[in-house]
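Consider the two complexes below, in which subunit A is the common component and subunit B and subunit C are the respective partners.
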Partner chain A sequence: MATYGKHIQIGEPVLPAKGIEKALKAAAQKDPRILPVLEDMGFPGIDWWTENYPERMVEVGIAEQNGAVVAAALAAEGFVPVIYSFLFANIGRALNQVRQSILVDRFNVKFIGREGAWGEVGISHNTIEGVGYSRVLPNLVIMNPSDVVEAEKATEAMLQYHGPVLLRQESSPTPLRVFTDDYPFNIGKAYWVKEGSDATIIATGYMLTEAIAAIDLLEAEGLDVGILNMCTLKPLDVTAIVEASERSGAIVTAENASIIGGLGEGVAAALAENLPAPMVRVGIEDEFSQSGLITPERDDLKIHFGLRAEDLVVSVKECIAKKTRLRCRD
Partner chain B sequence: MAHNDALVAELEAKSNKLRSHCFTQFCTFEQGHAGGTMSVVDVVTALYLHHIKFDPKDPDWPERDRVVMSKAHCCEAIYAALVELGVYPEETLGTYYCYGSPFQGHADRWSTAGIDYSGGSLGQGLSFAAGMAYAEKLKMILKPPSAEETFLPRYIKRFDPAYRSYCILGDGELHEGQVWEAAMFANKFKLDNLIAIVDYNKWSLDGPTNDVMPIEPLMDKWKAFGWWVTEIDGHDMGQILDALDLSNRMYGDNRPKCIIAHTVKGYGVSHWETRRMHLGRGEEMMKGVREGREKYGDVR
Partner chain C sequence: MTETINCGHCQMLLYFGEELKRRLYMRAIPSEETVLGFYGDTCPRCGGALSMETVRVATEGRATHGS
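So, the complex of A and B:
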């Protein structure tokens, strides 16, 4: 059995959305500046909000561009607007509005962008490119929590931080509960879920669940592989990435999104500039997603994209082989 | 309700002075958005030098009226007003377009004191102005003034918001769908403290605005969106002041206000007027500047 970090206690699958909802409600009771901005896509715990703070809900309708700029103005006047929608809509649809009216002036607007790369809803809603186009935007902090505990803590941190933040909420598949309640979360700080000397999987979001499953398979083959959980995708924790390179000399990144512009590219740049190591990027190749039913027994899209624990095992071995080849050449 | 002639004459003189300040800015790199700036100068003069609540010594005063220059490429007119108000010294005009200058190429909130909105990407300003107008309403809902506070001067008048939100729109900008999203939003939340002013100079970059993409019937459009609308000659100081006053007095009617100001692109400089100059460069620009300087006098 693998030895995990101090704040790891692997449990049952729980939706991260629950953590987000809990943190939002708790913060709203203490901080009257927090305003949900609705784009006709609901809001975490909407009934609770309607009952307790109906006057604080700003419904802008299916008009994300106006919604983004109205939120900017509300932030300019001291409020903390939280825009909840699909990531393709609240940032993607309003990309220029987010850039011009929010990020240029670093207004304190929070985005919760729904959907990872797969789910029943299909190609339109499965936003594989959301992290990519968000990472190039200056002044925007991006977080992609891995489980329900981290989702709660990241939401808390997002609301305390002064400045624009995107919190990606992957709705399906459901990740395992991984962290303990006293897990110390900090924006921009990665967490060592497990240390390992043969290779390191740097995982974000749902892929942490698959990485944990992969560790057991790898251990059975005698490989000691570490996991670094990277919740904050911008700014990346470069120190931890370099540490991973030092410790294991082989890096596999795992993300539930396009490998272009995402975690993999960020890690590759950090490695190349600091301590180069062979790496493999696991994620969605340059293609769009599609519909696919997800049940505990069956997940066609996970197989289609090659994002199962078994696929991670193959990538980790490939990466270790690259490392060995490089060492032989020396 | 007509304003007295002395005030109108004074503001007309100020407006000419603002034009002259604009010429100084155009000279820095022999470049600038001459057409739209000249067409909006009279409205900007009326707003900044007379109508709005604004303290030049404290440009961030929380109770100042907000002014969103949605057609942010014509920020030269606002810079001229800020210089005239003494927020910036006259020398700053010569740094227009320069690296590190508070007078950036497009209106920028953090570079310039007295600018409320960083624009440049058209069509977004009305949403921002509406958001600020809504914030004023929301503050009153979430934290109603105490009995003691209601004795403060600003609450003595029954209908007086802490601040009003003004938005200056270009006519070409009305092609953007987001303007109409914002128009719906303002109507929904009954933003009677929001006043939009359309600088209707009839020309956008590619040609006549109504050929590029017809925006008429403009009055009916705003009316259909639930706004109170009026049309004025945007170069007649008396009419501008009257329209602004009227829109203030109607506060409490639950309707956002729109003033359609009919203007002339490049107004006051025949060289630019005939060419419907949008972005002037080089000799085209300087010919107009020379003509304008002769007409309005060199303030330096």
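So, the complex of A and C:
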């Protein structure tokens, strides 16, 4: 049985949206400056707002570029607007307005962007590129929480922080509750879920759930593999990434997103410039997501894209083999 | 070049973005003190007083000739 960090208590699956909703409700009562900017969308996590504060919200309709500019103007007047939509819409469709009107002047605008590599919403909404095109934008903090507790704490931290933040809210499947209520979340700080000497899985978002499942399979094969949870995708915790390289010398990144521009590339750059180590990037490999059937027994897209615990096991063993070859060469 | 400002007490990230002194125009945030002012000079995470003596300012970027 794996030994996990002191703030880990693995439980049942819980929607991260419940954590976002809890944090937004608490903040809304305390701070009247906070208000959502909606783009013809209702979601778990925000629907309660429209019922409780109908006078304290802006609905711009399917006009995301307008939403970005309206949010910038609200921030300029001292409000804290939260643009809650699909990530392909609130940043993707409004990329120029987000850049010009929000990020250049670093207005205090928050984005909650729903995105994921699986689901039944179709190729247009089932996107996986958002982190890639957002990480290149200066002045933007990006977070991708892994469970309901981290989603709540990341939302609290987002609203405390003064500046633009993107909180990626992943679509189904529902991740396990992993963290205890006293989990010490801090923007920009990774968390060691489990230490290990043979390899480290650096996971973000839902893939932490698959990484935890993979650990049991790897332990059965006698492999001691660590997990580093990386909620903040910008700025990356380079110190923790280097520590992972020092501890295990083999790094597997795991993300429910494109491997281009996301966690994998960020970790690869950090390692290459500081302490190179063999790597395997697990994610979506330069292709669009698509629709898939999800039932309690089967998730077609998770199988299609190779994002199950069993697939992580294959990548970890491949990475350890690379490390062994490298050491034999030396 | 990026700059980070963290609370020296609890390490809360207070600022992440372009290095403030490198912005040559449209400087919406003229100084680190302006950033601390956004928080009322008090860390929202731990309640500690924020001043240039109690925060950690760090810049990150490639070394260049003369830097």
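Criterion: the second predicted complex is superposed on the first by the 321 of 330 C-alpha atoms of A that agree within 3 Å, B and C clash if a C-alpha of one lies under 4 Å from a C-alpha of the other, contacts with A are read in each partner's own complex, and residues count from 1 in each chain.
Assume a residue touches a chain if its C-beta (ideal position, glycine included) is under 8 Å from a C-beta of that chain, and two chains touch if they have at least 3 such contacts.
Here the structure is a predicted model, which means the values were calculated and not measured.
Of the two partner chains, both subunit B and subunit C are touched by A:V104. Of the two partner chains placed by the overlay, only subunit B lies in contact with A:N66; subunit C stays clear of it. With both structures placed on the common chain, the touch criterion links A:Y161 to subunit C but leaves subunit B unconnected. Once the two structures are overlaid, the count of subunit A residues touched is higher for B than for its counterpart among subunit B and subunit C.
In the superposition on chain A, A:P32 contacts subunit B only, with no contact to subunit C. Touch criterion met: A:E77 reaches subunit B, while subunit C stays clear of it.
Of the two partner chains placed around the shared chain by superposition, subunit B is the only one that A:N96 touches, whereas subunit C remains out of contact. In the superposed model, A:E55 makes contact with subunit B only, not with subunit C. Residues 104-105 of subunit A lie in contact with subunit B in one complex and with subunit C in the other. Subunit A contributes residues 32, 35, 55-56, 58, 60-61, 63, 65-66, 68-74, 76-79, 96-97, 99-101, 104-105 to its touches with subunit B in the complex. Interface residues of subunit B, counted against subunit A in their complex, comprise 108-110, 116-121, 124, 127-132, 134-136, 138-139, 141-142, 177-178, 181-182, 184-185. Of all residues in subunit A, only 104-108, 138-139, 141, 157, 160-163, 186-189, 234-235 touch subunit C in the complex they form. Subunit C meets subunit A in the complex at residues 2, 4, 10-18, 26, 28-29, 35, 38-39, 44-45.
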